[in-house]
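Following are the structures in question.
Across the two complexes that follow, subunit A remains constant while its partner is subunit B and subsequently subunit C.
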Partner chain A sequence: MTEATPTRVARRPFLGRIGEVPHVGLVAALVLLAIVGLVTRPENFATSSNLVSILALASTIGVITVGMTFVIIGGGIDLSVGAVMAMSSVWATTLATQSYGPAVMIVCAVLVGTGAGLVNGFLISYGRMVPFIATLAMLVAARGLAQRMSNQRTQLVQQANSAIVELSTTRVLGLPLLVYVFALVVVLGWILLNRTTFGRRTYAVGGNPEAARLAGIDVRRHTMLLYGLSGLCCGIAAVLIMARTTTGSSTHGDLYELDAIAAVIIGGTLLTGGRGTIIGSILGLLIFTVITNLFILNGLNTSDQLIAKGLIIVVAVLMQRRGALTAT
Partner chain B sequence: MPVSPPDTAPLLAMRGIVKRFPGVRALDGVDLEVRAGEVHCLLGQNGAGKSTLIKILAGAHQPDEGEVLLDGEPVRLATPTAAMKQGIATIYQELDLVDGLSVAENILLGHERTSFGFTRRGETNRIAADLLRRLGHGEIPPGTEVGRLPPAAKQVVSMARALSHDARLIVMDEPSAALAHDEVANLFRIIREITAQGVAVVYISHRLEEIREIGDRVTVLKDGRTVAVGLPATTPTGRVVSLMTGRDVEYVFPPRPEPGGDRPEVLRVEGLTVPGVFADVSFSVRAGEIVGLAGLVGSGRSEIIEAVYGARRASGRVLLDGRPVRPGHTTTSVRLGMGLAPEERKAQALLLDQSVARNITLAGLTRYARLGWMDRRREAAEAARLIEALDIRPRDPRRPVKTLSGGNQQKAVLARWLVEGRRLLLLDEPTRGVDVGARAELYAVIRRLADEGVAVLLVSSEVPEVLGLADRVLVIREGRIVHEAPAVDLDEHRVLDLVMVSTNEESHVD
Partner chain C sequence: MTQNTGRRGFILGGAVIGAGALVSACTSNEPAVQPSAAAAAATTAAAAGGNDQPGTQVTIGFSAPAADHGWIAAIAKNAEAAAKQYSDVVFKPVEPTNDINQQISAVESLIQAKVDVLVLLPNDGQQLNQVARQAMDAGIPVVNLDRVFPDKLSYRTWIGGDNYGMGVAAGHYIGKTLKEKGVSDPVIVEIQGIATLPLTQDRSKGFEDALKSYGFKVTAKQAAQFTVQSGTEVTANLLQAHKKIDAIWNHDDDQGIGVLAAIKEANRSEFFMVGGAGSANAMREIQSGGSVLAATVTYSPTMASSAIKLARLIAQDKGMSDLTENQVPQSITLASETITKDNVATYLPLGFES
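And then the complex of A and B:
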């Protein structure tokens, strides 16, 4: 073995090379879906009200997806996101909390989410629990707690606190405010991941925890913060869902964890950690949301929609594996 | 020794084997010929291609060119199962046993005795017991869980598994590395017994003296080529070493500076102990001094380094510039000015997917950041400076570190610690998997660091490396420091004697 490393890059098949340009495949898939929409429902798909509803629908899970992206790049998984969001929405809409006004409701939702996330993180990093198990326990427990607190009833956001609902009814430049909240979370998440030491540590902790530890990174503390961040995102998502549905409920966010994880995986983030992007996750999520929208517009069965989503996950991951295999 | 006459076809012949990996020609025309009933030793430095060759024999890799003949017939070893069917069994360095299964279940793994899908426990245990007895180890109970066995017994189980496949050829990759001295003697006895039954053994070891003892013939690899085929094992060591290195002078070490006793003490270790691993280890390292730890694999030397770094909890005291190191918390150690280049470069040091630059700056992120915000321009400038200073090739900071050669990867790990305020560097096998030319460069870098006032603690399996590079040497045996001397007062034989002598001979030493 000689010292000089050959610089020649082996020729790759077309599909493999596509993988090198970030997100080309995902954008292409999104464009393809838009074309399908325009062809099948020309009168409905491209209307501004439909596009707005796609974005509004994507916002809630989108915020959760940003947090999930951090956790997965950091080598973990968070199954509790939907349940934590539901619990936050219930806690924020209890009569007691509502009596303090909308600002306190928002703070409450965010704190409850962050707290639950930190509990996850603590169990995983200091209690040495497997992330899958710890967050599964949180999923079950948080749902139960939300049911307890609400007596399994849907709690309405009171008239006096309608400022929260205005997040979804007030429009700026044609888009409801909650879309801007989503966009802000994405931008902040991108900056955190790509421009700060926190982001660098996230990639290091997920890519090779032992190397990160021996390089002096406090892996346990960082892991705990990652789950706290995911919980924070759930709290923000709780505010958005209260705005959209005008309620807090223990049934909110059912199976959101699966949609968020699927979006992250479709977006090219490795489930083993160390690699991934926020933009990819958001594109993955939009693909999922547009599909849902297309099925609704065409009056198709929701069961078929689930089948389609399942197929998309498989195809996306297979294509990425092709790229990864040819790249090594 | 029962060696079949040369005119009959050899049991195994490999001719002109070429294996390419992206960017590397791991094997570039290798020949190997093994006769039935012989112990054939395969020698070569790290990276010479030994592992690749045995993986081809095991069916785990396919050669790009060349042929493999068994009993004179060409064969294709497409999968590990195919290789096993041909009677080739491989015992890897890290034994591939399933800890949770019993001895018997491990031995018959993959060809279990069953009726209607149910395992036949009695028969399984009986077959296993027979094989163990044949190896002279009837005392190992077939029903025990393998995870509870000591390393030497696991080795016996691996060998029994090989025999259960009616292996005609057993490849052993550094079988003695994890064994104590008397266990090695037992291993040799077993090898002699199975070769007497006509089974051939391909034996890989770095310990040249073992090869003289157990081997019949030797094949030497260098840089992916065969440089000597079928030499008698009695060939003088000097000749074998010069074949392996391609030159008679093995290493080029930078000159030592004059010893300065007045330099301040940087590291002080007092009574460091991890029960069962090492005990009561005390020493110190001064600024600008290179101290080498010499000892066998398993003597506790890597564990000592990890404990000094705070990566492993231990009792006793570690002081850096008089301040105590917090056990189990590497963040503090790094802040105090320690740096570690760990033994397993890929598993413990590198983010393989990431760029050279990001690997270099990993340990000092806050240096390039203000309030958590990365100053990417400063980071890039610093990475570029270090790449140039250590001559990391290619000089492209954005290249993924996994595409670099071993020597350049190691330089990237060292570069990580070449920042201001570094007081102590711990180097565990810094030249493992690094070719001879790049070694000399690494030695020069390490010496230059010491000259700048950094204290260095070095671990290496290669005694000449410790003797050539270090100023002072601590000899470790079975978790204790048994000797300490300036490197110039020691030679390879003396160190090997100190390192290998078994406990009952201890009274003769010192």
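And then the complex of A and C:
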């Protein structure tokens, strides 16, 4: 991948992203929310335990959001994330898997997630299915399989495997371990996207697949890997949700796909692909998490939270569109 | 893995049959049976009771929503286990579904198959009302399980739990305990299931009314959608919102696993918690005393076992032997019972696995 190839079109946003402005809007929104929190619940909002709680809440879906960002930048979409996470959590908590101990449970969750992602990728790139359809099929099938495997029951992480739960209960420097897992995934994701050929190819494939193909990128293989990566993230998220809830369940991750996609979109990633950032997605996600936190701190109900989330998606996208129009 | 789930299914099945057996043992006026002896006693007890003697052969059609959590799963298992106890019952379940349309067609197929009696747990009482009415018009008595049909012509007998009563039971337990501790102006937190459901609103109303009789009120309430994950997330936030809590009522033991996980994660223990529904897991927590969970109020899926028994009696034209009437009553509301450390051993066999 040399500089002079047709991927140039796709690379422009990549170069322009350094010190780019979209994040300013997101950070401003977060600051605004923080001010609302400080004004309405001064005694609760800015406490360290509340901030830790917000980060822990964001961790599970945050990991998924990282994978989703890759897929969407690569010009695809993954609707199956919540279901794949549920399936991984169930598979990892069956009695059989649990009998091998926590390490195997973690490996199992990650492998199941990655496997499901690769199946998605295979169907899309080699089976030539539209991503929306292929991952929708996976959404339905993975939930079904999770229900079948668990007999629709909530599977508890056994006492012997409580090492998994310690990811959530053990704190290092005041933060639960799962927040570090989340941070690590974000950092690795950022490096992969911004500092490696894989990342550059992702932008190229999403921006203009035909140009990317002419430039010698194996677009199909790359697309498949992107979905595998998203699946991998779902597997890691499954470990985190097992740690947090002490269970594996087919009901885990309900509507996570929508929250993850919304966070990615708010973060400034184009649904059409070729452009976007991980930092943006994470900020988008934090906005959602802080809103939920603020609503509960103030004793407001879930319906109002949903309305607020809907409004934020619309406002964010409208602002980005204005930004895009004035830029051209 | 499959082998293992199979084995677990077998064990669970055994537990459920045992639970069903215990119910039958109780209805036949035996003295309270010890849990371990229940399963063994069940077959003999069933043979001994007058109404349990084999009668006319009846076919019972059964339709319920697809199991998306432990409670519904237990409903289907209990119904099947209860039917299996009788040599004179042919149990005819249809594929469970969460789709209203499919459930309507499934019930229609049971009507066409001319079953003798129907046990229906509708996805939605309003929307299944019409088809239940068709069954009744076709001369098939309908035993309406839990979610009630609005039209009394649509069912012969209703049996179900008492959501308002559940709230009352939880409210009394919390109210009484706090009064005894001498807490004034307590912080009471309520974690609901799905806030928009009438059953949730009934539970909350009962809770509020019972607390009022002690001069207490609910400080904060949030809905946790009946899922473990949402239970964790909502509770994590609630614990941040209230630095000192005196009592929590969580509507549902399934989501309660998540609620307890969040409490443990936050390392909080200054309050006690009451659960809802009566899962085996919650009962084990109460028994061990290792967490904040002090009690749970029942909404027991054993009602499905009882519904099958009622359906059988209706089809055989018999009454309930403990009552004077010759026919089965038109409606039976189960009491919401409070399970604490003191009586948990009696209830454990009836608890459902979440």
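The rule we apply is simple: the second predicted complex is superposed on the first by the 307 of 328 C-alpha atoms of A that agree within 3 Å, B and C clash if a C-alpha of one lies under 4 Å from a C-alpha of the other, contacts with A are read in each partner's own complex, and residues count from 1 in each chain.
Operating definition for what follows: contacts are C-beta pairs under 8 Å (C-beta built on N, C-alpha and C of every residue); 3 or more make two chains touch, one makes a residue touch a chain.
These numbers come from a predicted model, not from an experiment.
**Q** Using the superposition on chain A described above, determine whether A:Leu156 touches subunit B (first), subunit C (second), both, or neither.
**A** Only subunit C; A:Leu156 stays clear of subunit B.
**Q** Does subunit B (first) or subunit C (second) touch A:Gly216, or do both, or does neither?
**A** First partner only.
**Q** Among the partners subunit B and subunit C, which is in contact with a greater number of residues of subunit A?
**A** Subunit A has more residues touched by C than by the other partner.
**Q** Based on the A-chain superposition described above, do subunit B and subunit C contact any of the same residues on subunit A, and if so which?
**A** Touching subunit B in the first complex and subunit C in the second, no residue of subunit A appears in both lists.
**Q** Please give the residue numbers of subunit A that touch subunit C in the complex, ascending.
**A** Residues 41, 43-44, 47, 49-50, 53, 56-57, 91, 94-97, 147, 149, 151-154, 156, 165, 168-169, 176, 241, 244-247, 249-254, 292-293, 296-299, 301-303.
**Q** With touch defined as at the start, can you tell me which subunit B residues reach subunit A in the complex?
**A** Going by the criterion above, the answer is residues 22-26, 47, 223-224, 309, 311, 329-331, 333-335, 340, 342, 347-354, 358, 362-363, 365-366, 369, 372-374, 376, 393-394, 403-408, 416, 435, 437-438.
**Q** Residues of subunit A touching subunit B in their complex?
**A** Listed in rising order, the residues of subunit A that touch subunit B are 1-7, 10, 195-198, 200-201, 203-204, 207-208, 210-218, 274-275, 328.
**Q** Which stretch or stretches of subunit C touch subunit A in the complex?
**A** By the definition above, subunit C touches subunit A via 1, 3-5, 7-9, 12, 66-70, 72-73, 195-196, 220-223, 225, 227-234, 236-241, 243, 254, 257-258, 260-262, 264-266, 281, 353-354.
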